[in-house]
């Protein structure tokens, strides 16, 4: 790769989450050499949770990030509340839906969830918000069990939790390894909701809008590739998640790879986050303008 | 106490040192307030904001409705359980390893490798192997066990040969020697190990609670609010952990002072 | 060395104890193999699987293509940098705090609270306040600083008053006393602090690398594969951390032994 | 009756073997006050440890009433050269230690009696670090005597006392001995002390040690340090010892 | 010329004030060998520390050639009661320490010379833990002498030596003194030693201490311990001391 290391290459710093199938487009772009082809050398930073990624983003470590919508919202709200000079802007969608609530076979209906323990990948994640809202709306008594994402399948197979909600491919691992069943998908909880987004820093937008356009285009090309060549995309996914194709097949059926941002669902999320108390610096009357300013899909 | 310039009287000295300590803390807090107000970063809470967070979490509770006292209680409970298990296992093993070279030769290759593996690294395995409170106990035990074990062995090794010979000259058998000479003689080191171990255990609680499961505990509180980017509560959690650690250390230290009046060195 | 039943000769003894140690490790590995084969859990790797993982990661590399040696090198680099900063800050402050009660009175209320806040709890703040390698250095520094500081102070306190008086009787000023008496006299404790601190720092690397960002480092390797639920590599990472920690400890310990031949107690 | 015959002892230190006692013969009759003097490092303490069974000889025999020494079967009262009080026990508990190890009843009462005998009434509750070196030695003596031992073994018990206190303690020890009538083996490097206190003084050679000469001191108690026969005994033993030191 | 006038010293320990020296007068002429004896704990070491400026008196005056003592301006050679060798330095480096602190040139050569004087040639590279207690004291003496002090202060330097070595050291010290002709203040609790070695013996009272009597010893060197005047000096000073001890 030293061959490409010519001075004309521009380096951009991109953050992503460990082992996340939602962010397949990034890995496809890397595997297919899209960045090099566009004269971009990327430096990849990987985090085990969205909130940590956002902290790092706001500290100025990253130019772009693939991250879940709620951490991005939290990050922007925090940045605007203070005088942070690194403000995230959503430039494209990464995927819609993609979270799955899997349970043991003993739970076959929504009412069965009553008085059960359901794992989540942590406070403030999209899955946490989806589940919390669902519990509220259905008047259920559910104990949420926040845990490291990678431990959820183990907790489930040990029988310590009756089910969990997480991003792919983790639920599919539990389905194939421990006989978990899909109780609800994102689609059931909130159809077509925004999941991961591609954010750019306001600094790179200001200093080099051309590179933002290129990155968004690469992202769109990669997303198109996934949708038109699912078989090769699944092979790439298998490479970085180290999972068998059968697990990836299950996971794929739960994720919609789509670069068009679902702005309405973002507003719904923000409203729910304000209600749940996870966002404290924005009030409900500011939701529309907050999200409208957040999303700028004019690049690429 | 070694002191190159003793200029003031002992009584005044003590009063003065408390005064200086309080002043120093005050200056620290004021500087913190000034710096955070100047930077005005959403991630750098002022002491006032941390205090407000304290009021909120200690009365209304956190986002899941658990109050600070509940978090503290649960964390303390976990740490003390882990501590108890560590004491019960480490002290007898340490005495045995100190007294019987055979036991030491058998055990030490394994303990020596394990003791450098940090508690966080055990999280995946502990989740697989254990469940519920046992998992917390295990992770805390991993952290607390080794300081106690090493100090117990060190205490045994420091036992005076003359004292053991003295007991033998009165016909004492091995059990009597351990009970009457080695254990009491190693007790200061053991107590020191307990204190250090409890401190380490208390510091492991964040790691232990990170693996998750239940939504309470000070470590969990920190993580929850770190996820929400509400750093005021994160700093509150840090300060509470620091203060409780300090208090536990102080309690054990003054216990030691009382217990080991006979030990002149401890005053140093 | 205290030993209730000395039954065998020193030379034989040494050979025998190595033999017993090796046998003990062998039994441990065999038992591990037997248990994991019997349970046959996808999450409990056998030693053979861990060894296969070692072969793979050390030659082909991990899923991002980084070999084990690369991970080890980066982690060591981070730890040693944090260690260096901790030594440079903790030793002079410890000497000052030991010698000047005023400095101690000013600094200790703050250091005493901070020292019980675990490195992991600093992760959110360190991400916000620092960037790049400085972040790692800070988290490791937080872990390493206090053992060195406390041991340096303890070393200073243990300085013999007679030795200081002796130097004073030759007209020595404060600088000379610190240089000629206090520092060399505290050096064994300082070295002990360095060793303990390096061990703690090495154990903090998993916490420090957990915050994420760059994809290399042993802590990162463990987390990557914990996320992938491939526990064989997780266990490999644990064993490697344990062995390197052991090796560093051993190196420093034998350095101490050589340096402090004059200190008869160290042989105990 | 203590009989050592052809007693030898060597230690293994690293790769070397140090011969400390070599073919030593010694007989001490029952009820006698026997002093042993010898150059520093010659093996006096080693001999005492063999005498009470703390060390085993490499060859030869050491018999007490025909039995090899074993503190589980015979009772010794050993006063060690180093401080052997337990610092975490107060004075009376230290004295009671031997009594408790031998499960002797009325330990409190006996301990008090012997503490009085060594002049430490009123110091029962003091801890070792609160009393002077001389007082510590007296506690050790009380502890040794309290178990009513068959044989008392003392290893330079008065070495760290100043001249005045030392002389008082010597007289006290003599009066205790005349009351109890036990066998006492008293090790010292102070010839003046040995001649003042012992019925016999055995001079040991330098290491590896054996008995050079045993001088029987035929003087009545109390002895005067300024009397000509005292001075001549002293000079004679000093001379014997000097030969050993100067040939080092 | 050392002159103490109305010297008093008290310490504050916790809430108590301990008066250690009370209105002490003492004069020592230049070049003299002055011994000081006193009961244990009376304040001898405290007096010595005031003499070399390590402690300040509470009231009264202590003047050396008309100046208050200050080791930064005057040179003292102090031999402390406790072991004061630096265990991490070998014998020769220990002796060089004072020379280095005073930035005296040719430290190696001077140190070697004084080590030879105290009979330690060949032990330069040994560490303190490898030599005996008596040898350590001799190193401390060499270190003190090496800086060519105006006044030599010795605090019970021979207390932990056995009688034989002690007597050899006393003779050596006398011969060094007669060669160098320095003022020596020699503290001891051993009356025999004081009479053997000193031109004067000042007896201190119990605490709070002052000078009870200064006895001038008008005997030529070398002195014989068995000569009647020696014994009578000894008995007289012992008697003076006994009064202080028995009235404790």
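All chains are identified by letter, namely A, B, C, D and E, in their written order; residue positions are counted from 1 within each chain.
Going forward, a contact is a pair of C-beta atoms (placed from the backbone, for glycine too) under 8 Å apart; a residue touches a chain by one contact, two chains touch by 3 or more.
Bear in mind the structure is a predicted one, so any value in this text is a computation, not a measurement.
S.K.: Tell me which chains count as touching both chain A and chain C.
M.R.: Per touch definition, common to chain A and chain C: B.
S.K.: Stepping chain to touching chain, what's the minimum from chain A to chain B?
M.R.: Minimum step count, chain A to chain B: 1.
S.K.: Give me the step distance from chain A to chain D, shortest route via touching chains only.
M.R.: Contact-graph shortest path, chain A to chain D, evaluates to 2.
S.K.: Using mean CA coordinates as chain centres, what's the chain A-chain E distance in Å?
M.R.: Going by mean C-alpha positions, chain A sits 82 Å from chain E.
S.K.: Report the inter-centroid distance (CA atoms only) between chain D and chain E in whole Å.
M.R.: Comparing mean C-alpha positions, chain E is 33 Å from chain D.
S.K.: Suppose each chain is reduced to the average of its Cα coordinates; what separation in Å results between chain B and chain E?
M.R.: The answer is 49 Å.
S.K.: Pull out every residue in chain B that's touching 2 or more other chains.
M.R.: 41, 43, 123-124, 128, 210, 226
S.K.: Going through chain D residue by residue, note those that touch at least 2 other chains and give them in order.
M.R.: None at all.
S.K.: Can you list every residue of chain A that touches 2 or more other chains, as numbers and ranges?
M.R.: Residues 52, 55, 58, 148, 150-151, 154 of chain A each touch two or more of the other chains.
S.K.: Flag every residue of chain A that touches chain C in the complex, lowest number first.
M.R.: On the chain A side, the touching residues are 18-19, 44-48, 52-53, 55-56, 58-61, 148-151, 153-154, 173, 177, 239-242.
S.K.: Which residues of chain E touch chain C once you look at their complex with the stated criterion?
M.R.: Contact set of chain E toward chain C: 49, 52-54, 71-73, 75-76, 78, 80, 82-84, 86-88, 97-98, 100-102, 127-129, 147.
S.K.: Chain B touches which residues of chain C in the complex?
M.R.: 1-5, 13, 16-17, 20-22, 24-25, 28, 41, 43-44, 98-102, 105-110, 112-118, 120-125, 128-129, 156-159, 161, 164, 174, 177, 182, 199, 202-207, 210, 219, 222, 226, 231, 234-235, 237-239, 241-246, 249, 268
S.K.: Which of the residues in chain C end up touching chain E in this complex?
M.R.: Within the complex, chain C contacts chain E at residues 160, 162-163, 165-173, 176, 180-181, 184-185, 187, 260-264.
S.K.: Which chain A residues qualify as touching chain B in the complex?
M.R.: 49, 51-52, 54-55, 58, 71, 74-75, 77-79, 81-84, 119, 122-125, 143-148, 150-151, 154-155, 158, 160, 276-278, 280-281
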